[in-house]
Amino acid sequence: MSVMKLSMGPQHPITGHFRFILDVDGDLVLKLEPDIGYTHRGIEKLAEKRTYLQNLPVIERVNSYCDSAGTMLGYLEAIEELMGLEVPERAKYLRVIAAELNRIASHLYAACLFSVATGLETMLMWPINDRELVLDLLEKLTGQRITYTYQTIGGVRFDMPEGFKEEALKRLDYLEKRTEDYYKMLLWNHTFHMRTKKVGILKPSDAIKLGVVGPNLRASGVKVDVRKDEPYEVYDKFDFSIPTGKNGDSYDRLEVRFKEVEQSINILRQALKDIPKGPIKKWAPPIVPKGEAYTRVEAARGEFGYYIVADGTMKPYRLKMSPPSFRNLIALPHLCKNVPLGDIPVIYISLDLIPMDVDR
Amino acid sequence: MLEKIRKSFMNIKLLRKVFNWGRAWSLWSVHLETGCCGPEDMARACARFDTERFGTLPFPTLRECDLIFVTGFVTKKMAKRLKLTYEQMPEPKYVIAIGHCAISGGLWWDSYSVVQGVDEILPVDVYVPGCPPRPEAWIQGIRMLQEKIAKEGLKK
Amino acid sequence: MIPILSFSEFIELILKVLIFPGLAFPLLFAMIVIWFERKFLARIMLRIGPLHVGPLNRTGLFQPIADFLKLIQKEIIVPDNAYKFLYNIAPIMASIVASMSVAFIPYAPKPDGGYWMIYYTPLSLLVILAIFTARPFIMVGAGWASNSKYCTIGALRAALQLLAYEVPITLSLASIVIMSGTFDLAKIVETQSSIWFIILQPIGFIVILIAMMAELSRRPFDIPLAEQEVVFGWPTEYTGTQFALVMVSEYFDLCAVTSLITVLFLGGWSGPVIPLLNDISPILSGVFWFFLKMAILTVIIIMGRGIYPRLRIDQLLDTGWTLLIPLAIIQIIITLLTAQWWLPLVRGA
Amino acid sequence: MSVEEKVIESVKTRFPEDIIEAKVKRKNRVSISVRSNRIYDIGLFLRDELGFNHITSVSGVDYIDMNELEVIYTIWSIDKKILASLRTKIPRDNPTLKSLINVWEGVLYHERETWEMFGIKFEGHPDLSSLLLPEEWDGPPPLRKDFLLPETPQEKLEEKIKRAGGW
């Protein structure tokens, strides 16, 4: 049988903004070649034209998909490192609260996409419904549903509203209870095991060699987390663990995300308990002194790197982003060699690639 | 020949209202995300906001779809595909532009790879501003389109 | 020789062909099931489903009608390099073939002997099996004629799946035939008047339910139509009216399959006589029980979509060949071994 | 002596000639500037001897005043928990560099992006084709400083008004 070229996307129910060029032989995919760039806006170029403060909403939309709060932290870290600015303690806590809430929302989103890939629509709806609860909390805190511009240079923009703490704790309790339902419905489902276990196995050595990051790397059994390796903000004050997987298959990649949600709930409880009183913002000069900095944060999809070259003006000379999805992308053609066509969506979604993030 | 029958059917004045009603309440949308309003597209289609209440649901094949949500900015690379998608859809078809970026380029007004407003390539029926618009705003956009369809081809 | 019908017989035939088991019934069934499916799945998914369409407030009862009206208004696009004859004829064929099997299923006994069915033949079970085997060819034909890659892959998947699952269906029908000793569906129902075959042959029932779900491409077996993989499978390229026909034909199939399983395993129309319905017409009571059983089966088949992820094609074929076929054979063996005790009971000898 | 200083020390002793500058920037960060012709060997040394195995990013910076492009490979060491930036400068007129794809497999897309955005040709890279930009792109590489973005949206607006036939 001859090899057929199959073009999947960008108009396709599963691929989102990607296009895959598949070499298909019968029902077997021999090779996958991703075609990206459908959401390329040139943020790195645009950032050179805008001031540091104007850049905030632009940079946030690199990953406005689900994780804008976690994404922004790295940029602010870099600027504050260059300025030598010490952020008030309360602001740090609030930043962490926003970032961790966002991580929960992002992982729930990943879980629902995952169940779509296997064809279980019920589990598409349930996590989305619970994600709305988290988004409500974030809306209460920041005033927006998915793009916040909440964290700003030198602190955060708003303080915690009244009653937020109690509401948050209540909803976290509910989410924790709800996770059990997810396990029953999805993770312990025999058919789901058939579809995801031993599919797309990423060996730890390969994962490191290819430069895969985040939950995907941890699912392969490599314990790497920026929050532990070089703690930023106030992550060194919390007691939490890094969940890792055993086999590095698609199932593990989802399970690690669910366990991370549990850890995030854990962190949030501690943060809400210990949050100190004080100012939430420190005045920051508009000009960043000359120099360069490379900072890394653990966004929901993995390590997010920012490299800023400042030339002593109000605008960055060069802003380089190293987003997690772009670094995970290389695992996709690596894993999609000689797999059945039915496994392509599972592997693709299990890596949790977000096209915005890849293309910038 | 089937086309002729269809056209002659659609031109019957008496059935016009019924046909408009059918079109308005069964707007199936294409799976094509162009920009970062994508998660809100998910949110409006899924639990809590659930646009299936108004008959709008995402449908896998574009051959049966009547509605494109242009979700956010459109890059030049995507613009070609968007146009292709629009051309592949059968008549009658509608476009809703979601978000500032789809309306006028928004935040990306000076970007080298973003189309400044989707109306440069597609005929847009309803504009929904916001960055991103809340799911309620999407629903309002759908309702506005339904009102527009209900008046189609009738005397003013 | 052409039989000459009396006037009342003629009226009855028209009634049968156009209204009850004939044209209107599967259409109505399709509409109600589409509405019910959307509403039911929406409730499972914590949604509301269709709400604002229709006469009764907040039910969305007319949603399938709106969809149908929309679909018939759509432009009909035939792909340029499609094989046009086959492409155009396939949806019509699909719906005809799907609605055909309804003609051979007895829905209720008539008080004057005979059965409420369009065409009586002593070999009706065989006829229905023959009709079922025609479906994969229509799918492959349509998929191939569309000349689109997704359609072709979907059609090949459909062919693999349908052919693989016809074997367990035929095998488990064999044990029914052994038990009842006839190919006549009406006689099969009569033999179940004392005890239903679902009690005598539980394995056969499970095998045939699973296999029929696969035949109908319902989840977890909707691999030929898997939207995440092959967009919509073999009907991907169809638009407007043609697509409406394809969709409707799927629900015609569902109607035929649930009727068939009701007849084979659930005792067809048998059930206590309901006096109120019996007063209107003696067949209504039987029809009521028939509908009730059909409805339960339909709900079970639909529920799969809310609960299970989709299987992969190789796992599906594995299940078919290595699990269902042995189970069906075991059922035949059990039937043969235990027939001597049950036969007098069922055949009333 | 901290781990960072040890890394600098060992690189300096191994390649005394080719290191232009090597220093510890802060905790967990080292910066190593090298001559462009030896970057492959130094990369191999970093990977094999010092355990810098996890590629983080490849970025370019356009120093238009000095007529130079700088390429920066950022590599994380999972065991040592150090981020090393391996940097080299190449002339802006003829930017070529030996690809490090055989050292770190993960640079595949990073280098391709840098090629597209800065026009730096990586010798030995398997596929240097368009990645993010539109297919019909015919301008200078966009992240170079001589590629300018429009200052105001005025021009576009006027065009739009003209096409629409006035206000």
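We just call them A, B, C and D in the order they show up, numbering each chain from 1.
To be clear about the criterion, contacts are C-beta pairs under 8 Å (C-beta built on N, C-alpha and C of every residue); 3 or more make two chains touch, one makes a residue touch a chain.
Everything numeric here is computed off the predicted structure, so don't read it as measured data.
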Moving only between chains that touch, what is the shortest number of steps from chain C to chain D? 2
Please identify the chain with the largest separation between its CA centroid and the CA centroid of chain B. D
Pair of chains joined by more contacts [C-beta pairs], A-C or B-C: B-C
Taking each chain's centre as the mean of its CA atoms, how far is chain B from chain C in angstrom? 35
Whole-Å distance, C-alpha centre of chain A to that of chain C, is 46
Could you state the distance in Å from the CA-based centre of chain B to that of chain D? 41
Centre distance in Å when chain A and chain D are each reduced to the mean of their C-alpha atoms: 24
Touching two or more other chains - residues of chain D: 133-134, 142, 147, 149
What are the residues of chain B that contact at least two other chains? 46-48, 60, 75, 77, 110-113
Shared interface positions of chain C, touching two or more other chains: 45-47, 227, 231
Those chain pairs that satisfy the touch definition: A-B, A-C, A-D, B-C, B-D
Can you tell me which positions in chain B touch chain A when the two form their complex? 30-36, 38-40, 42-43, 46-48, 58, 60, 62, 73, 75, 77-78, 81, 85, 107-108, 110-114, 131-132, 134
Partner chain B, residues of chain C touching it in the complex: 38, 42, 45-53, 60, 62-63, 65-77, 227, 231-232, 235-241, 243
Over in the complex, which chain A residues touch chain B? Could you list them? 10-13, 16-17, 37-42, 45-46, 49, 57-58, 61, 64-66, 109, 112, 124-126, 128-129, 131-132, 145-147, 356
Can you check the complex and tell me which residues of chain D touch chain B? 133-136, 139, 142, 147, 149-151, 153, 156, 160
Could you pull out which chain D residues touch chain A in their complex? 27-29, 53-57, 59, 61-62, 72, 74, 78, 81, 83, 85, 104-110, 113, 117, 130-134, 142-143, 147, 149
